[in-house]
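Written out below as structure tokens is the structure these notes cover.
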């Protein structure tokens, strides 16, 4: 459609005032479109492109605030920061953990969210209230969510208390001591908080689907599972993909919950990549090193986008 | 109000050529129809006239003005879209008044003109309601009202009646015709339904695959179709086409078909190609009870009864099927043997390759 | 840390952990106050109002220069359940089991037995709460380690923690943690101590002095009036008991180089930490703790801390050793802590944990610059309490 | 027929039961937060835990606004924290402005990209990738950058970042709604004689306002709960509510009571707004991907 733009103001009306010519130009599609995206472009330049240039520069120098010089005066380190990353087991372990969260949280949230969405496709008494309740977790500050789960799963907290009531005094679980359980508890909090999001997307998507194909399949005698598997699911595919992608990318950034619940502990066993970068950059003050890690992550995510999201756009 | 002229319109969307050189002229006050199957380029033509698309080649005149560089909002062209495109958040009154408001017509006059057009369209009672609750016919009236209220230079109608049920469609078509007659509004009406076009338009242009097939008054198109496409498109049930060989027996030309042979009289037919299509409309096939010279034996295959008329699917001896319409008379049923006679003076010959008319009416 | 990047000059004065002085001084964020000290005399290391040694040194010095004015005393304090301890039945049972009278433990060995004795999980009360969590796991271990004669580094900044002293200290502390504490000593955060002890679910707790005030407040505590205070256990070296008390965090004031009026700001902090004002601030507000000698005899202070606690705190403070205060302090401590926490959680052996910590320390040192760190460390070890420095000398830990 | 009715009945009952269970699961942590917010300090993490506080107190809420007010012993302890007023004012200024800016900019861009493919076909995808980068990765350069601009610890810095980092959502969600408005309606308006601006504001905008409300609420939630950037970029003047939550840490522990109380107070406006526009919220998340 870009080709259908209208030429600018009629040149034969050379004496038309600037204002009227501008007004006419605004009506021209291409000009109007450009005008409308300009604020966003400016903001992206300001918040994305310039910082990206800075972060790349920072990653190539050896700068820590405690050096006593400003960042542009710091000596070049070239690729030394990057070389250091490749030897930094803690970095890769943190990346691995973040990916683990993506898979575990993303997968479970999707499953639960889809289940809920299907459940909610039909009316039942109190649906509106239940919907409100389900959406509530998203609205709580994440720090408070982390706090709530930390307190619930405390060694002598309510969850363990209930366990001892049901299964005897030996039945407490040291949720935050075992690395896997600690990670699991964090993921649980994430699930609790973000399933509503997936529920919303999938529920909206299901609601927007055309009804005819389902009815047609029903008339052909397909059972519910077959309808779901062969009719609903394929139609829902684009929604599912975007939901999963968005959720996966958000989950990869997980910070608040870990920060509040375990601080990355025991040791570094629940340290995610956001937390590690935060710690390196803003606690240890190794900003150049943090910058190199940031750049590496930007590159990795861009690659993932190329290979994972491009198909969605095309499909 | 103005005349419209387009010349040499070409438009491609990516690889698909929507228009391949369309030219026509609509006289001031004329009801002109663009007729063609879906995808023929009707909508694109209208959109180019409105300025919603710009052609790759060609020009558009409104009256004496070339409007290529005039923005659609300034062309003073109104259009009724296929989906009507009513503003769902405004009342019918506001919908209709919108063009007037934009033209800064005084409020009193707006009120007056909207009421007048609503009266003409019999939608006075709907003015305060939003379109969401309207029936299909009501929605169309509002859309037409919105287009007409400002007396545009030309009114473009893009299949506005397409998904109405038959009865309302006929009713609306009649009203539209009356409205056009009353207002003398120049209208271009795009449709794929020949009956609509035939019943309303002063002139019709049949287009096919982005090209003009034939332009003319409805009767002319029916009586003297220039191509097998036009012949098939206009009339229902469609014209029968029977592929035949042209053979020269002595000095005489003979139309040879497995089931029949027709000798062609007349001079100057020596340039006929070897293979042609014989075209004959169902209403021009006569049924005869007994064998008379020149009559062909056939068997009734399917019978559709439409009131007084019966539409028959007939099978000739070699298996060729023809449709025929019988008015009144005996009730026929499948399997009945009978004899038919083609009205040669209403038959055509078309080129099998190009579809152009070679001969006719009358062989 | 942000201010080091940002340098807005919004701040004239920083109130920070005193082990950040190194980082802040090296980044040029704060100014050397030595000249002002000579000009205005804040009465830190001399006179009747002097700070309790060694606070006068490690809350103020970096590489031998005065960069800060200490404003707090965060020597870790030891609290126990006096009511249980004073029970004659317990005394008898203890003597029956260990063949010695029930007294407050003096050495770490006695301490471990003492805690084990009072560990009563069935009654809902565990032996101790000592930090083994993400941020302060090093405290108890360092106390043992240093009292055994250990030091974090040698004079060339090579870590000394993977040594007999280090490993033994950690093994002892792991045993204590795993056998006689609630699991949340490892997994909870530092605030757990402030719930466990006042609610009466641990016999002993080791934390900041504020825990004592908190536990004695009938509003917030179920054990008000039942709290006992004790000096730190130590290690016997040739008949001499050497105690080491971790001084954890601790606040100090420093002056921003980018502030508008550095000297005026200095005068303000000297006034604020001065004998009269500081006393009021501490006695009333309760988030900072006493650090000047005369305050330990002051009536208002006694009221705030309780008669019995104040002398104990004084004694603890005299044996307090500083957190690592080099450049990169946060990083050194974080690496130490995360390894120790893993050891306490049973994920790593003691030696392995210390080895991993030592390796990461080497990397940090190399990255920051070994020479500068050596200079800083050689100065920093002079800030340790005298008995510990004497012990190091006796063991030949550092070349004299 | 009998069996079908029976099946429908059991179906309804099962759905209802499932609804209740789901409700319970989703409510439990909330109830716990609520419970703690009414507990005195000694009960915050006491054992055995009690759902209904032994001594119900409102002191956690009072302390939010009057730190130093020694109610139930908490006040004296949180005297280091500032009154919550400043954080509230900051949040109330920063979040709506950033949300509105994100919405306006995102809506305009969404309109341009859906209607005219402005900026190229892959622009929306590029914008989506901005949402993928961990904010902490951008915090590093932004800190030195904002310092140069003198934006540290200002509301403007947060407004800029919150606008920028939520643009992706504003863009993608509103795209869906705009695509739901038939293009012919806009064309009809143009033929009626309306300018592009007029079409945008009198035709398209009113038709997608429900969707904008949903998008707005979602973006509002993201900004209202944001912690990491606020934590890094503010220190005194511009702290927001989530940062304030983390400030309830004093010499004697983390003050779970005031933290929980603040969480409860902070979520009320969002919850009310959410309930009001729930209908739009549900239709708001198709991202324009399912079209009939």
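The first chain written gets the first letter, and so on, giving A, B, C and D; residue counts start at 1 in each chain.
Rule of thumb we're sticking to: a contact is a pair of C-beta atoms (placed from the backbone, for glycine too) under 8 Å apart; a residue touches a chain by one contact, two chains touch by 3 or more.
These figures come from a predicted structure and were not determined experimentally.
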Next item on the list: Have a look and report which chain pair racks up the highest count of C-beta pairs in contact.
Entry: A-D
Check: Which chain, with its centre taken as the mean C-alpha position, is closest to the global C-alpha centre?
Finding: A
Check: From the centre of chain B, which chain's CA centre is farthest?
Finding: C
Next item on the list: Report the inter-chain centroid distance for chain A and chain C in whole angstrom, where each centroid is the mean of the CA atoms.
Entry: 41
Next item on the list: Take the average of all CA coordinates in chain A, do the same for chain D, and state the distance between these two points in whole angstrom.
Entry: 14
Note to self: Counting only Cα atoms for the centres, state how far chain B is from chain C in Å.
What the structure shows: 96
Margin query: Quick check on chain B: which residues sit in contact with 2+ other chains?
Written below: 73
Note to self: Multi-chain contacts only, two chains or more: what residues does chain A have there?
What the structure shows: 27, 154, 156, 282, 287
Next item on the list: Can you tell me which residues of chain D touch two or more of the remaining chains?
Entry: 44-45, 47, 143-144, 195, 232
Margin query: Quick check: in the complex, which residue numbers of chain C touch chain D?
Written below: 2-3, 5-8, 10, 124, 189-195, 198-199, 201, 208, 210-211, 213-214, 217, 219-222, 285-288
Margin query: Residue numbers of chain A touching chain C in their complex, please.
Written below: 64-68, 154-156, 172, 174-179, 182, 262-269, 279, 282-287
Next item on the list: Please give the residue numbers of chain D that touch chain B in the complex, ascending.
Entry: 182, 184-185, 187-195, 198, 203, 206-207
Check: chain A touches which residues of chain C in the complex?
Finding: 1-2, 4-5, 23-24, 26-29, 133-135, 182-184, 186-189, 201, 327-328, 330-331, 334, 338-339, 341-342, 344-348, 367
Margin query: Considering only the defined contacts, which chain D positions touch chain C in the complex?
Written below: 40-42, 44-47, 72-73, 76-77, 79-80, 143-144, 147, 150, 152-153, 232, 235-236, 249-254
